[in-house]
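What follows is a short report on a single structure.
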Amino acid sequence: DTWRFGLEEIEGSVQHSYAERFKALVEEKSEGEIDVQLLPYGKWGSSYSALYDAIQGGAIQLGFGSGALGGTVPESQLLNLNYIMPSDQWVTAQGLNSDTFLKSKAWQESFRKRSLVPLAELPEGYQVWTSNKAVKTPDDIENLGIRVMDNSLLRATYKAYGASPTSIAYGELYSALQQGQAEGNIQPVFAHEEMAFYEVQDYMIFAQQSQFVATLIGNADWYDGLSAEQQKMINGITKTLVREGHDIQSRYNEERLETIKSKSDINIIELTEAQRNAFREKAKPVRQVYIDEVGARGEQSLGALLSAFDKAAKGE
Amino acid sequence: MRELFRRRVIGFVMMIDSFLLALSWLDRTLGVIERVIIAGCILVMALLMSVHVVGQALFDEGIPGTYEVVKMLIVVLTFVGLGYAARHARHIRMSAIYEQLNGKSRKSLQMIICLGTAALMFYFAWKSGQYVFDIQERGRVSASLQVPMWLVYLSLPAGFGMAGIQYMLTFARNAVSPGIWRSFNEKETYEAVPLAAGRVDDQDGQR
Amino acid sequence: MLIILAVIMLVLLMMGYPMMVPLAVGTLFMMFTGLTFFGPDQAVTWMVNGVGSWVLAAVPMFIFAADILTKGHTANRLLDLVDAFTRHLRGGLPITTAASCAVFGAVSGSTQATVVAMGGPMRPRLLAKGYSDSFALALIINASDIALLIPPSIGFIVYGVVMKTSIGDLFLAGILPGLLVLLMFSVYCWIGARVKGIEPEERASWGDRLKAMRGAILPLGFPILVVGGIYGGWFSAVEASAIAVAYALLLEVVIFRKVSVKDLGGLALSSGMITAVVFILVAIGAAFSHTLGTAGIPEKLLGPAIESIGQNQVAALALIAVAFFIGCMFVDPIVVILILVPIFKPLIESANLDPIHVGVIVTLQAAIGSATPPFGCDIFTAIAVFRRPYLEVIRGTPPFIFMLLIATFILILFPQLSLWLPALGG
């Protein structure tokens, strides 16, 4: 059997490294019976919804869905909410992959309703702000023309901070930052490096407001058609990969941050706990925006996630 | 007896005639709808994008969802335009060899092309219809305005279907009428004098 | 199997099927013969996503702006201005045509829009002065393609997105090569006028020139607003297309009152139809290219050549130029860039080529390819717009293709030509 695995990122990315490990483990544990074929960005098309379509339709059996998944699974926007994840990235990874959250009825149903099934969560590191001015307090972000994806929840979030969120296509972003059409930007560290956004920005601000999280999704019919043994195998492998995934993203983002530091004199700001609290307060009401937008399943998913983080923090 | 037969034939012909009249009325109505949609897409796109830009530049506040709406408009424009361009035989083709032919052979080639293209268009109308159904069932919405995407994607089966019908009509026209027809309403000609400006005539082929 | 695929597509093309048919049939052929694991459902997805793109919005907007300006005064006033300064030169009118196409292209960013906007008023003027129609058409088609090299350019935007390189630098890099091509065309026009014995006109008086300049003041605000707005950080290149429409409306509807509000519906319809005719090819072309990609065909065809080249920069650039030239002969340049750039990306990195320089060469090939018989998309635009027979439209093109190939050689051998301006700017 061949399992096709679609990635939102190109070769040599966090998702690709994770998928390579997944492939190795599946092929080893199934003793060569299953062959995993990796399809990086571009191999299945160039627009994310083409990948989600292919997984929903079953042409591709499994793959990653992250920021753009909101149109396909509205509840998945939960992972875009700010200040719901613990500061500790390892605790976050554990909470996201705990049965309390991942196997919760609400989260599973959200995907099942769209012919998908969530298999694992891969945090890919903090979403980091960049700007041409130092941002330490909500006053500093006031009216900052920060670029967000064309997504109502993200817009609401940055409006709540007092910024003026603006939408710019990814391909136009570099020149928009360079010409000053956008004054700030939000990306995981590796993306800031890959697209060289740091060249045209003066400050990088680590506010720990959220991580960039990709959900490993499978086609529901495909998953249900697997033998109990195979399902158990996948479950085992994804559990093993929680730690490895965390290590992969930490290593990638550290390396990329070093590259940024060595190639530019960008100023790096780490917000203190007190500074973060100011933003955290402003972000809280946005949870209600999320619930209003996606409904009861979203509210239950949020509840499951918060209690999963509680448990993970206590080391349960 | 003969007289009765003659009357029946005339009656039958008149029935077909009024049927054809109704068809051509329907066809023209669809043409008008297509024109309104196509021109509307362009005008709304221009208005929305410029207001968004001006708002963004002057007041730091664009129109939320502009990107999304523009992308949707392009999809609608493309596929409704597919049908409309078939109506006016404006689809781009490599006609070098076709132009070397004359008379009967040219006409038969034109009919083969129409038939083949129509078949392909109907196939895609069916396939994209299924896609619309799937997307409706999966509940895909746009990320910013939560517009159900199947509404936008309806333009695919509509456009492919209309294009298929237009190619079928062109085939039928060539089969029954003398001369070579590039579309249901347009006989083949090339402009002998330069147009003042390279504009597409917008009179639904009734020049 | 690949040969059967190529033969089917070629036969359908030669028979005169609409261009979308060979592309769609090729796609379905690969799907039904199992060359790819994707089925026709995915083809529909790819079509929708192929055109559901923000960047593409610039095409209908610039065409619409061009349609408004052509219907109104602006196009003619800009032409009068150039004419006042060049009519006494030998070959002045065709050189004016070439320069106008380049200038208009600089604003419109779209070759097809330029063919429509500049070809309309210029072709009758050329015919009146005794130039042949095939020369006039070839000149308009090829000079319009300079538009791809002068910012803002859709070709550069799409390349920048796919290659993940700075679109701003690409814009700067295209300017000098664009001017080089314009210079070559001008020399050809000059020689052509001499050979045909077409005498120059009387030099325009400074009074006439001043008048032409006065008439062109507001139209000149057009390039200044659009280009200045992009570089001033007011709006992006795509958004500039909508601003172009807004300014065109301000000039022609409010100030000159040459275009009535009633005309706008008809203009929007014609812009929309030209856009749709091209975009349906972008849509089906996207399905075709992704199918080709998942079937691994470009790698199979190009892999051996790419491997044998290794680190040789000139050979790598030559291969890239040839591949894009051939690709653009068959398919819309935007689609070609989407298919081929990812395939060449490893070669560009391993041969240590500057992606900006490659981008200029690729875009130049897109320009050449879209004007090259038998399948150039600008040839089709000219056929669509002027309604002239195919053979007449292509008869005059060979000398232009030859000059463009020379320009490619120069560009491959002298990367500074493209890299100098971005280095200054950055």
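A, B and C are the chain letters, set down in written order, and residue numbers restart from 1 in every chain.
To be clear about the criterion, a residue touches a chain if its C-beta (ideal position, glycine included) is under 8 Å from a C-beta of that chain, and two chains touch if they have at least 3 such contacts.
Chain-to-protein mapping (UniProt): B = TRAP transporter small permease protein; C = TRAP transporter large permease protein.
Note that the coordinates shown come from a computational prediction; the quantities given were computed from them, not determined experimentally.
Colleague: According to the touch definition, list the chains common to the neighbour sets of chain B and chain C.
Modeller: Output, common partners of chain B and chain C: A.
Colleague: Between A-B and A-C, flag the pair that has more C-beta pairs in contact.
Modeller: It is A-C, judged by the count of C-beta pairs in contact.
Colleague: Which chain's C-alpha centroid is most distant from that of chain B?
Modeller: Farthest from chain B by mean C-alpha position: A.
Colleague: Nearest chain to the global Cα centroid?
Modeller: That would be chain C.
Colleague: Can you work out the whole-Å distance between the CA centroids of chain B and chain C?
Modeller: The separation of the two C-alpha centroids amounts to 26 Å.
Colleague: Could you please state the distance in Å, as a whole number, between where the Cα atoms of chain A are centred and where those of chain C are centred?
Modeller: About 38 Å separates the centre of chain A from that of chain C.
Colleague: Could you list which residues of chain A touch at least two other chains?
Modeller: 49, 57, 169, in rising order.
Colleague: Spell out, as numbers or ranges, the residues of chain C touching 2 or more other chains.
Modeller: 41, 45, 52-54, 234-235 - these are the residues of chain C that touch more than one other chain.
Colleague: Chain B: which residues touch two or more other chains?
Modeller: Within chain B, the residues that touch at least two other chains are 56, 67, 134.
Colleague: Chain A touches which residues of chain B in the complex?
Modeller: Residues 56, 60-62, 64-68, 134, 138-146, 149.
Colleague: For a test of understanding, state which residues of chain C touch chain A in their complex under the given definition.
Modeller: Against chain A, the touching part of chain C is residues 37-39, 41-42, 45-46, 49-50, 52-55, 157, 160-162, 164, 166-168, 230-238, 286, 290, 293-294, 338, 342.
Colleague: Hey, which residues of chain B end up touching chain C in the complex?
Modeller: Contact set of chain B toward chain C: 35, 38-43, 45-46, 49-50, 52-54, 56-57, 67, 70-72, 74-75, 77-82, 84-85, 88, 90-99, 109, 112-113, 116-117, 120, 124, 127-128, 130-131, 134, 153, 156, 190-191, 194-200, 202.
Colleague: Which of the residues in chain A end up touching chain B in this complex?
Modeller: Touching chain B from chain A are residues 49, 56-57, 68, 70-72, 74, 113-115, 143, 145, 149-152, 155, 164, 166-167, 169, 293.
Colleague: Under the definition above, what is the set of chain A residues touching chain C in their complex?
Modeller: Touching chain C from chain A are residues 4, 42-47, 49-50, 53-54, 57, 59, 168-172, 174-176, 178-181, 194-196.
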